[in-house]
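Every chain is named by a letter (A, B, C, D, E and F) in the order it is written, and numbering of its residues begins at 1.
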């Protein structure tokens, strides 16, 4: 089984962080192919960035499908381009935000989310509403540092994530914490151990979700509104998506 | 006042239909500049098409802002790229789906929606949920013809829209009908007269919404999550969006 | 175009404040006729006051309709008598609470409300639920002064409104503020400038909404539950509403 | 214990129907005082009628309070003026719509509603939303006859109610039926027996609710937003409400 | 009329507290039979305890039905086994959580809940959602003492309940308080008097609800999903439930 | 990894059906231990049956925990005793209803449910609400045959399931179908192939969910409301649960 893990931004460092997190939990028989778009935005911190990144996600979905991968992970907490990707893909496509939220709802009655910049909170709020997890989320927190601070090697952002998780455990009355950025993937296991409650990384969660769907013989439904895009004459920079 | 009306698909015919509908209701002092992306998809009939179109919308928002337009309309019923466009724009941005739904909720307790292909119904459902109008929508209908059938000159699609509106009036228990495609804009006024209930076109509604916001001195909030995108080094086909 | 702006309370001072706010944003071709009931309550600060005021609103709607006005605004933040007024009216009827909430949802992902007495908060909560904007409202605030304090000339209430808006901007994580009383209409523009985010007055918003509906050829649906009231033999003090 | 049962319309016949239904279930120690407004509308079939009737309800609440009644019932299925009445009253106030819905939710997982004119369905819908019973209502039906048809002595309306209840039992998958008009009160017991499922009249339900609240020593909270109306100088036809 | 009041835990002390609260409000013609399971858990403080207690509730429902009681009260704030009990019972069954919430919604626009251990808050949250009262609950509080602390004679728990109620009144903006444990039943009347707002005990509320349903000739619907359990060969410790 | 798959009813045939479905999808390294309670109900078709079965589930959870299993599946579509089981368990616990719904929401925008008796539909409705999937479920269907008809060897029930799935595909506008009974587990794969859309069995889905959680190092949170039950002196038939 080959799972394509798509980092929707163009940061090589984050692609590697995500690849490691994916490989750490994948089954022995699963090969992780971690990619990022050849062009796009270096980090995703708002709806504009997401709109750009979604096209890169679609490019990679198309490539992955041509390469015969079994399924796809969209490894950015806003799940950019998720439904579009499902239309384009033959196999299952799982976003890391939905994967983390689903998993959290299985191990706790309510969870907290810790993410990067405050301006991305609205994206998480909209996803909670769309996925149906509004009542399962006790609180949302932002560490107020940009996404790439997680890649600067200083550890400052990681420490802020840790501090916020501790605060969330103490104050929110929730039983689990969802890490709200693909760049935080490496932190989940040690924070779970330190805090004594499930701290959930969506990258690993999504990889296991795709593995599960493939094992169950389930793939994106091609009956109805997730059917393949109707063929059209796409022009300009989008021709390669034809 | 200059209002930029963006047809998110690349169909010239539909851009003209939309431009006419916009001009028909604009104030004398309002200039309508109708545009469509230079590259993208010829029609929008699913999430994939929307993801492509969103980039074209952003390109036009950027151009419009550089030209000093007062506000922007996104003239596709899925409101593709709406929140991203609000981040990028200085002036107000209004989508035709939200505009039509807002207007409908002011003249009826519940409304019906008539759109094109069944696969686009899910987009309307998600917008109803996101905008808060779930309880105001009594039913959704699809004529089961592609968007561009509205531009083929045969009148078949228009007649199907009319038939569905009549059926909706008879069966849904709703007081107004929202036309769920920019290409239906020309039909609203005559169907309103024929059916004896408000049949609402979002293009006109959105133009009046933008005029209203500008007259009120209101524009997209730059405090918080709709602030301008954080400057990044966008690469490849997206460089022109820097 | 003549728009009848109805102040549902009997305060002349507030009627003038509202009239000014309406005229400040109306199109050149729009005539504002500001009225208040000949009998009723001097201010509206609860459900009881609203029930009394609703009858005054209906009296004025009837008069306005007989005078051939194009549309009506109900200029009290509880939108008293709104659906009853829509039944009685031929033209569109827009309440200032709904108008402000609609506009706020177009320029921000979430908004705050600042109103007068704490006991009126429940009215705003119920409207948010009925109109579908619950998820768009981040917080509600009351300055804890009665409505007519806004008309006492001291400026104390106005300063309290300003202070609460500043606090809301700092604490609520919302992108816009809705002023929750017709008597605050004069403050919107300067607070918008001072605070650097949209501060929205419903009076102006409702005037533009009515202008928009008229320009679009849309009026209250007379198909279904907003049809004219069934003629009945009303007795006593209500005979004039026959 | 004296319970004031207020028929919000001015129909003597319906007041007597309601009084009988109230007396049929009241405890021996409870005296039912059935009243209707001295002026108002002869039947209530829309928001306009409700707005007029609400003032009549308030007049009667004031009289009842002066007479020292223990509690009040608002005996029209739209619960007109309910929250205003709670502000004005010292004792508990219960509407027949809420009472019937509460009772129905105790004996069935989901219920159906059978009411008079289709245009009143929206009132029931809004109450379901406001009271929190949306998920407990499986379907709403209208017999498409005016309220006073229940008082014309022909039995036609009663037969239509019966037929709709039978249809609702067969088709809705609900376990109970709520009668959506005070004028249907006399039918509940025999339909319950004939259909073999609970058919609920709100008049009786509300009387028992008021009796219960009084026995529990509970009355309308005067802490917060249901406190007595702030004293104001009401003018004209409303002076008697001062 | 005989009402069986079932304390779902095996604590004799609490059964007596509950019996007293029930008798204090029951009509003269109502006989209260207070029981508790012969086997089970001494207090209920989580889902596990509830699952055990539910079987005890069913045993008692079966016994009560065989004894010909008119109706049943489940006197634990989680309403354990409520729908199962409704299937098994012939008469009406009312839980004290639902009863208290229903009553609270009749005397206040929003209420607060004060319960025992924080881990039981999730049970109250789920009930609010299931019963439809989410929007009517302003806040939930836990005194952080186990249920049986209410029976230790020291009065410490009672004083903590009182302190939390005072705090809730001051901070929550709600008009009534619901006591979230059968063991708090004795406190309602005095706290109502001391705090000057309705403090509601579910035991008394449920007794009045059952009396009301019986007086109205209403019982658990046997049409549909609350019909008697399908007869099966139950084995082992459950044979006596056959 | 050992996963304990608990059939909550006492039917050996169904336990074997469920065991086969679990083994068919489990990883090579996963051992499936399929069990059912030693005492309880032979099938689960309502809330009463569920309450009995929940105790059997808890007995098995306790045994499984003592045997050191890695996680647990509750293999009845009502997920009986789920939260109680999570309190008692050390490892993760997943119900087949939630597992199927989660999986369905990953491969389709909306799904249909096909279950056995109409009286169990309310259980599915409540779970949809509790889990947050109300908006993701397009329709619910019952074949109107008891659970054990799936075990009678005639194939009649299986054919009815198939017919309903075909009807659901044609009429519901949903992209996937959830099989609403553990006894239908064997049908999923062939119906998926025949119908050309995902037909989802919860047993397999839950097994993969548990495998995923274990692989991710995630288990039921013991911080907060899913912590182990507070130790109590359980009496009678429940002593073995101490």
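Just so we're on the same page, contacts are C-beta pairs under 8 Å (C-beta built on N, C-alpha and C of every residue); 3 or more make two chains touch, one makes a residue touch a chain.
No experiment lies behind these values; they were computed from the predicted model shown.
> Identify the chains in contact with chain A as well as chain F, in label order.
Per touch definition, common to chain A and chain F: B, E.
> Counting only C-alpha atoms to place each centre, which chain is farthest from chain E?
B
> Compare the contact pairs of A-F with those of each option in B-D, A-E or D-E, and report the one where over half match by residue number.
The chain pair with the recurring interface is D-E.
> With centres defined by CA atoms only, which chain is the most remote from chain D?
A
> Distance-wise, how many Å sit between the C-alpha centres of chain C and chain E, to the nearest whole number?
43
> Indicate the whole-number Å distance between the mean C-alpha point of chain C and the mean C-alpha point of chain F.
About 52 Å separates the centre of chain C from that of chain F.
> Which positions in chain F touch two or more other chains at once?
83, 86, 109, 118, 121-122, 129, 135, 173, 224-225
> Which chain pairs here would you call touching?
So the chains that touch one another pair up as A-B, A-C, A-E, A-F, B-C, B-D, B-F, C-D, C-E, D-E, D-F, E-F.
> So in the complex, the part of chain F that touches chain B is made up of which residues?
Contact set of chain F toward chain B: 109-110, 135, 173.
> Using the touch definition up top, name the residues of chain F that touch chain E in the complex.
Answer in residue numbers: 10, 38-43, 45-52, 54-55, 58, 81, 83-84, 86-88, 118-122, 126, 129-130, 146, 224-225, 227, 229-230, 232-238, 241.
> Which of the residues in chain C end up touching chain E in this complex?
Per the touch definition, chain C meets chain E at residues 118, 121-122, 125, 129.
> Across the complex, what residues on chain D touch chain E?
That would be residues 25, 27, 83, 86, 92, 94, 98, 102-103, 105-109, 131-136, 169, 173-176, 189, 192, 195-198, 200-201, 204-205, 208-209, 211-213, 215-226 of chain D.
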